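Dropping a structure here in structure tokens format, bear with me for questions.
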Amino acid sequence: MLSIETIQVGELATGQALTVPIYRYHQGRLGPKVYLQANVHGAEVQGNAVLLQLLERLKSCTLNGEVTIVALANPMGINQKSGEFTLGRFDPITGVNWNRQYLGNHIDVQHWLKQQSLNDIEAVYRDFRELLVEETHAALQSSWGLTTGQHLCYRLQALAQQHDLVIDLHTGPKSTRHLYCPKVLADAASTFNIGCVLMMPNEFSGAMDEACFHPWWQLKQLLSQQGIDAPMAVEAFTLELGSQELIDLKAADDDALGILSYLKYKQVIDDDIQPERMTRYACELKDYRKLHAPKGAMVEYHATLGVPHKQGQVLAKLLSMENLNEQPAITELHAPADAIPVLHFASAAVHQGTELFKLMTNYYEI
Amino acid sequence: MLSIETIQVGELATGQALTVPIYRYHQGRLGPKVYLQANVHGAEVQGNAVLLQLLERLKSCTLNGEVTIVALANPMGINQKSGEFTLGRFDPITGVNWNRQYLGNHIDVQHWLKQQSLNDIEAVYRDFRELLVEETHAALQSSWGLTTGQHLCYRLQALAQQHDLVIDLHTGPKSTRHLYCPKVLADAASTFNIGCVLMMPNEFSGAMDEACFHPWWQLKQLLSQQGIDAPMAVEAFTLELGSQELIDLKAADDDALGILSYLKYKQVIDDDIQPERMTRYACELKDYRKLHAPKGAMVEYHATLGVPHKQGQVLAKLLSMENLNEQPAITELHAPADAIPVLHFASAAVHQGTELFKLMTNYYEI
Amino acid sequence: MLSIETIQVGELATGQALTVPIYRYHQGRLGPKVYLQANVHGAEVQGNAVLLQLLERLKSCTLNGEVTIVALANPMGINQKSGEFTLGRFDPITGVNWNRQYLGNHIDVQHWLKQQSLNDIEAVYRDFRELLVEETHAALQSSWGLTTGQHLCYRLQALAQQHDLVIDLHTGPKSTRHLYCPKVLADAASTFNIGCVLMMPNEFSGAMDEACFHPWWQLKQLLSQQGIDAPMAVEAFTLELGSQELIDLKAADDDALGILSYLKYKQVIDDDIQPERMTRYACELKDYRKLHAPKGAMVEYHATLGVPHKQGQVLAKLLSMENLNEQPAITELHAPADAIPVLHFASAAVHQGTELFKLMTNYYEI
Amino acid sequence: MLSIETIQVGELATGQALTVPIYRYHQGRLGPKVYLQANVHGAEVQGNAVLLQLLERLKSCTLNGEVTIVALANPMGINQKSGEFTLGRFDPITGVNWNRQYLGNHIDVQHWLKQQSLNDIEAVYRDFRELLVEETHAALQSSWGLTTGQHLCYRLQALAQQHDLVIDLHTGPKSTRHLYCPKVLADAASTFNIGCVLMMPNEFSGAMDEACFHPWWQLKQLLSQQGIDAPMAVEAFTLELGSQELIDLKAADDDALGILSYLKYKQVIDDDIQPERMTRYACELKDYRKLHAPKGAMVEYHATLGVPHKQGQVLAKLLSMENLNEQPAITELHAPADAIPVLHFASAAVHQGTELFKLMTNYYEI
């Protein structure tokens, strides 16, 4: 019931194929199709452990539908080192973020919808899905070629588009768990065991989750204008499960449980797995703000991630040793607003302007 | 008449200031203010040599106005090596292109213009310029800080904004000379000694030239709607002068002459320096297309840069040695359309998807 | 009593000087001269915090002699990023380790000693020290130039050579505290608060500590052959204080105390600061062994650093997801001998052959 | 007659095998076994083109013996980019040069030879070769593992050791053709079409050529002490064929011809291919000297590579723009001795201490 298949997502200078193993697991029962991928950013390895633990736990669940698991999704990003660390956040040649190269929807949905019969919404949905997959396959054939990142992203996308629930596993640099949740899917946010939620506008800016849910949200809106209250055929989320450059099998099992809780909510499994009781905070994506280093310095990080801080509270201490007779060695960095620090930079040596923290402002409980 | 001043554009982790020397040259005559900068991309060093030769030639010209020269404009980008080469196209931490971090105009120009008296256009221009500089200075004070690239770009921009003619010197990887010219300034394109011209839409996407001319083009349009035919107060261009990682003092002197030819056209100098007679090709920026490597390979480049090629002509040969008994060792890469190759990739070993060539399509003579 | 001076240790491509601030602290009492430096490897920032805390504590001590403090000793290494992390272990152009470029002693000590009068050993010592400093200064004048690393190292070395006690602060990647101690100085090992000690042969392989003590050990041996039992005029140690990419002011203060304990032992301070009671393990440098990744994998580290492990004990779990139907997802990595793991690799994604652990074998208590 | 086989030389973090295709070509005639490899340094791609052209030419030659061809020998080094260029000179994690990780001979040859019968030298040779290969295979089994580079190098070495003539193809950064020739094989130097020859002492410092010829030179010496004048059973050379990051099929064919000229000299082919008439210069390896940048600067390279220069002749011009009012913009770099510049640095932006040139001094014609 666990089948494996390999897809090619690129080719290296030596001619060697870049391949990714695709696992499909089912128990022969009908139900939603779930797609999970991990490690599109090379240093964010923990998602692989989560997928492994999830697969293990699924084996003792009652599964309706099918789960597709794509671990180690970006072999070039994962294998690219610079010094001891993995240099896998962006294409080392172009600097483009690996998770900003998915294909946006160029279909004129309004025009297309006019040509469909609205009597059979299921057929509309089925045809729309086919159209999306075709569009991705067509893009893969461009006579001018694609970027290295598009070769990877479009192939993963063509696969993900054939599923109903899409979960993209990432991590922050040094981070507490957080969830990117499309606003139209806000109800699902509390079914994961994640305390910090970023509510994304229903827009596309190149990421996998957006690429998956956005066309369906366009369709839903247009149908709504026709008086038809249709559900979202596709749900998509990005889960940021802790810190990069770290494998922790116990934490991975906890996170597998959190994903199962969502799958239970979506009736993919029958087992009684409920979300943890916990305080969950959310803010709009526009209120998720970056705090940059005001100076070049060595940094001692002080903020407790995931916990509300008051404006003016110390987030970090900055050490400078340029002139100890005239300048203080240590200056404090304060929260510029009431905020929840969600992640901080991975290194303790920062240039002026380095993104030191990302903080949720104007946050609220959900 | 040559004065020097140093500005700080950032601070390194050790606390050391990143500084850039600013040279100002004049001969005491009134006239336009010219700003030239070079080497915002770290490997594109040739512009420094051009500025040096230009300064030398200016000393024997009759100069009206003032010339500001900013060589070695991005010290972090220039000093950042990875292996033997300069890794200076993007911030090594974030991957963001150093030339995509200038400040866009957030002023509501329409609203602002309503509050001005249109009787004194010169005053409108003067106040608008002040407003732009103020906006840049305000952005430098953000309580959330700025990125490392913004620290650099905003400071260069605040300086450039106080000038009338702005020239940003770059190079391609392996490249023939080419010019990014705003469409509204198309007349000036033939005054440089550059054979390939990319006509840019009047839009902003983060680069220095756009940041400088775009607000003025907005203003010009709005004045035009009021029946006022006002000139562009600011002209801005990006010149790509050959290949990166190369200093060639003779070629630099040729390019200095080309810039002087434009300055003569703008009456900044009185000397009789005319543009070279040469065939000049142009195309719209949207027709300037990237051709990506269809496979991973070793590459022998064949195209002659700057010269029209027919669709189907061989641009490169791709060597693979994976399986010589079953696959040909050498395959050809053909032009997918009639096109002028302007630049090609710097390395001979490429992954699938590498941007091998940039080509002008739908080109025309100017 | 704290004076500051700046030395130049290199020059960047932009022409900017690489400078290091040198602090000298004394209380006007005679005594040994102590040299401490930190952060020659760019990511090993914690030593800077230790030096800061040490300076603070020294102010309330009774100090005989003088302490020279060189924090942020390698500005190029510290400021060189690649991705989020500091790429500061080796010259990014040549790959040569920054701590392997100090000048070896090319003096024929035997020949030189024959020309000295052995009646005045103090004069011999004084002249020998002068000779060493002169040799370093001469090397800085080579008509063929020096490498970038030699420019840095020789200048630091010329400074350090003028001191009696030399301490070079480093960190491991993820590491417990450990000490590189020359065998001839083994008695001092127990005066630091460091549980793991590597006993170095009295040889030179390019590092600062070796460069400082090795010529004196040569001299001591030759004097011993003349029946003169002379002390080591210079002591030198490398302290590895925890993990890289981390500033921890509390741990830094603990380590400052440990250094003071050694300085008390050397009568540099009068205050009653005693070494902590703790189990201290040592092994010969040749028994400090590297364990390499047997395969490419994701790694969960299990070993407790600084603690004896039995042969066969699990040090790490290796995750692979290539073929879950045929291979186990998780394999264990076992200690190949009874050993104390001292440090492990910084990243959780490793190629085959990556140095996963360094372990003390054939260790003993001291 | 062309067979292909694939060997594994490592494993990436994702679990993907690093493989290298091995081609074997013969025409069924007995004769020497020749091993050629290319591209152990990732950016030095031209050797692949040379091997391709050589294989093509061999097909129309009369070949005695067998030729083994290993192109793209270091897939990790070739595929590792940083920015546009290949970062393939050293392991990106450790900084260790890929061509300094071959296995040195740890056999006590003197002791071993005592146990052999010297009546049958051929048997001695055969057994010695077996011993060397066994030693390499044993090293591959270490319970502590090997470095990533050793995994690659030892496997290539075990293969090369089974051949009689070993040629390792490299390139310089920007370089004229040059040859590393063991002194004991000096006679062969004039059979290649290479104008600059470095005469290597008969020592081992980690490179492929040394690893191959050095044990045989030890054996030859010991036999000589027994009054037996035995030939070198194995010859090994490193050929540096031009510049890195460049594929030039025409130049590759010229170089294929040069290799054939050597193979004719060794009677591997019967065809009448003679070495070109040309001036060939040689010097001892110790006289092959590095000239480092005296300051940080932009560099215009002036020296003509491969041609004798007089002491004091201009090799490069260094541009600085720090303070044009007080310092000259351009300073000259002169040859510190009569010398032949063989290669120069690949980039035009250099820090103080960068290896700008390598020059042959005390050179002589051969």
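Each chain carries a letter (A, B, C and D) given by its place in the written order, and its residues are counted from 1.
The definition used in the following text is that a contact is a pair of C-beta atoms (placed from the backbone, for glycine too) under 8 Å apart; a residue touches a chain by one contact, two chains touch by 3 or more.
If you're wondering where the values come from, they're calculated on a predicted model, not measured in any experiment.
Asks: Determine, using the mean of C-alpha atoms as each chain's centre, which chain is farthest from chain D.
Replies: A
Asks: Hey, which pair has more contacts between C-betas, A-D or C-D?
Replies: Greater number of contacting C-beta pairs: C-D.
Asks: Please report how many Å separate the Cα centroid of chain A from that of chain C, as a whole number.
Replies: Roughly 42 Å, centre to centre.
Asks: Just how far, in Å, is the C-alpha centre of chain D from the one of chain A?
Replies: 47
Asks: Between chain C and chain D, tell me the centre distance in angstrom, where each centre is the average of that chain's C-alpha atoms.
Replies: 35
Asks: Touching at least two other chains at once: which residues of chain B meet that condition?
Replies: Within chain B, residues 12-16, 72, 78-79, 81-84, 86-87, 89, 93, 298, 321-322, 349, 351 contact more than one other chain.
Asks: Per the contact definition, I'd like the list of chain B residues that touch chain D in the complex.
Replies: Listed in rising order, the residues of chain B that touch chain D are 2, 4, 21, 23, 42-43, 45, 48-49, 51-52, 55, 71-72, 78-79, 81-87, 89, 173, 245-249, 298-300, 317, 319, 321-325, 329-330, 345-349, 351.
Asks: Touching chain C in the complex: which residues of chain D?
Replies: My answer: residues 10-16, 76, 82, 89-91, 93-97, 143-151, 289-298, 320-322, 336, 349-355.
Asks: Along chain C, where are the residues that touch chain B in the complex?
Replies: Counting only chain C, the residues touching chain B are 12-16, 19, 72, 75, 78-84, 86-87, 92-93.
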